[in-house]
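Mind looking over this structure? Questions follow.
For reference, chains read A, B and C in written order, and residue numbers begin at 1 within each chain.
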Amino acid sequence: MLTALSAEAEPAMAIITLTTDFGTRDGYVGAVKGVIARLAPDTTIVDIAHDIPRGDVAHAAWVVSTSCQEFPHGTIHVVVVDPGVGGARHEVIVKVVGHWFVGPDNGAFAYVAERVSDAWAIESAAFRAKRVNRTFHGRDIFAPAAAAIARGVDVTSAGPMVRLTGALPWGTRARGQGRIVHVDHYGNLVTDLPPGEAGDAVTVAGHTLPIVGTYEDVAPGELLAYVGSARTIEIAVRDGRADARLDVPRGTVVLPAAVGEPYR
Amino acid sequence: MLTALSAEAEPAMAIITLTTDFGTRDGYVGAVKGVIARLAPDTTIVDIAHDIPRGDVAHAAWVVSTSCQEFPHGTIHVVVVDPGVGGARHEVIVKVVGHWFVGPDNGAFAYVAERVSDAWAIESAAFRAKRVNRTFHGRDIFAPAAAAIARGVDVTSAGPMVRLTGALPWGTRARGQGRIVHVDHYGNLVTDLPPGEAGDAVTVAGHTLPIVGTYEDVAPGELLAYVGSARTIEIAVRDGRADARLDVPRGTVVLPAAVGEPYR
Amino acid sequence: MLTALSAEAEPAMAIITLTTDFGTRDGYVGAVKGVIARLAPDTTIVDIAHDIPRGDVAHAAWVVSTSCQEFPHGTIHVVVVDPGVGGARHEVIVKVVGHWFVGPDNGAFAYVAERVSDAWAIESAAFRAKRVNRTFHGRDIFAPAAAAIARGVDVTSAGPMVRLTGALPWGTRARGQGRIVHVDHYGNLVTDLPPGEAGDAVTVAGHTLPIVGTYEDVAPGELLAYVGSARTIEIAVRDGRADARLDVPRGTVVLPAAVGEPYR
């Protein structure tokens, strides 16, 4: 999803963004920031989100794909939603069109790396703490790795190149249909259906909804479909919550409505 | 509320603050930060609050009026609590005593701009993304506008000057009475009654409360009134929640207690 | 807990970290940041956590002790979880092995200052706002004090040296036993028992648990004990919540299991 970015100069001071499920009541976020401040002092640290639902890799993947692309080239994105920490999944650095991603290979990079990417395992001592705790790789592997990239250490020395294996439960999208891939803070249901394939209306969970422009185009409390901020079709309830109204899980299929089908 | 600020030099690096109801589990905050980092790289981004209750413009207005004034002159405050996004309300830049405010004109600037302000509509291409999504003006209008101000683009070129029309449900305060205008994270009820008009005690929801100094001046679990951090009267329960105890809505009137009235 | 830090140069730009129970929906965090930005413009402000449970000093103490030590020497840590604000507890600056801590002396510094520290009362005008509100010392005392340290004002001029009196409910640990001292965002029960005293297994709330390496070493839904990120024994449920499973309060004793005792 990053290929649309125009080429531009990299900023003088490295930026490291953080996306985690660490929450905002413990010391985990602070520990990661402290390591970065200590190992790469001339770095700007930017919080993306720390309240990713616990262990919800697919949620993280969508957040990353819809926010990280806005940053300048050269930005380093640390993504740690890591229920398998210390287990079988690998720790990786991924390069995608001038952006760096650092975290466990568990599917969180599935969207950003779906077209083209290079990935390296994080094995070299220069990219890890001397002593690695088995349940906090955010502090002991991913923060040091991000700091090493920020300091300009050659990423090809981090470890062998690897092929990413992390995947999302709903796999790749087939042309002409979308899936609900994200439920946001407002209860909006975000799909991966591009407007160009949706036509004038979509069907979801037995409802056929015309594509409108914005919330005020329907009455308060009504369902609507529109082109969301990710430039895909979204389903919402004006001044309400579509997740509560429809109660459908992520992965639910959303289809273009048949031409001439009456709007219900 | 900003007129009390002493004059001072503007800092070398522009500061942009963010106040939103975007929450901390999605990519919306990150997207806004990414746009700013890309368009105005030499800017410090500061989070004020992202858990403003959904669409609660009056809540945002109070948060802005009690925090933004502490920043140095020249600071740019982006405020996006925008239930009417894409609809009839206007996008504006407001200048108040050396501070910039950027967001929808829906009442969020009612306190900070109540005495004196200049405002401009955001219409010029230099202040907006090339492609504006109708449901995410935070990313596509307000972040680019803030970045333009930070880069020193002349604000008078943003668009025509406008008069702010956004207002709060409880309107302007009449002398000698206050209203509950904010319920904070601790359940404290914050009023807009200045201590100078409150006298020694206030009446709210049938309770008459003497003005005391701080929480420890009453027993745990007791209601108290005191001069809060906004330099207005606040109602709290020591080690408890006044919102749960009194269960009164914002807008509820708080009056100075009659002289000689017995404290109940 | 900071003595293990290796000596290193202090960074050019001062860092001030913030740990509070102010939440992320009000203007309190923003006001503190604004004061720092105004009084010490060349400072990097870093959020540690703002969702410390209300008034939970022991929670704050653990967060501080497990995150602040990761920052470079010279970092200034503002810690404001202050249910007694305006009352009897003192406002202090504490120096511990090259780190500064600023906040009320109520126990929040019990871990970081347990071995060796110097502390000063914050009394001098150069370390406080001109006008101090009795219920918001974060803005009016602790932020100005941190800014003064960041600007290089001599800390010995802040006020007289004092002895810290704040303490935690569970006091000092006796050798050979641990206590649950923190319950984290994931429901993990964090103890203060060092692995070297735990042996191969621990007993807590009637359960004897072998020390394993990480979550994947047990089946989903099972209790486990392991060396946590603070390098002490932790109790968790894989893909679940140990706090809900065991329902034991902080302060609960955790003991090394007797040698040869069968694992239940």
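The criterion applied here is as follows: contacts are C-beta pairs under 8 Å (C-beta built on N, C-alpha and C of every residue); 3 or more make two chains touch, one makes a residue touch a chain.
Keep in mind that what you see is a predicted model, and the values were worked out from it rather than measured.
In the contact between chain A and chain C, the residue numbers used by both copies make up under half of all numbers at that interface.
Matching the C-alpha atoms of chain A with those of chain B calls for a turn of 120 degrees, to the nearest 5. For the pair chain A and chain C, the distance between C-alpha centroids works out to 30 Å.
Counting partners per residue, chain A has 24, 47 as the residues that reach two or more other chains.
Only residues 22-35, 37-38, 41, 45, 47, 54-55, 83-88, 133-136, 139 of chain B touch chain A when the two sit together in their complex. Residue ranges on chain A touching chain B, taken from their complex, read 8, 11-13, 15, 17, 19, 24, 44, 46-53, 59, 62-72, 75, 184-186, 213-216, 226-229, 231, 234, 239.
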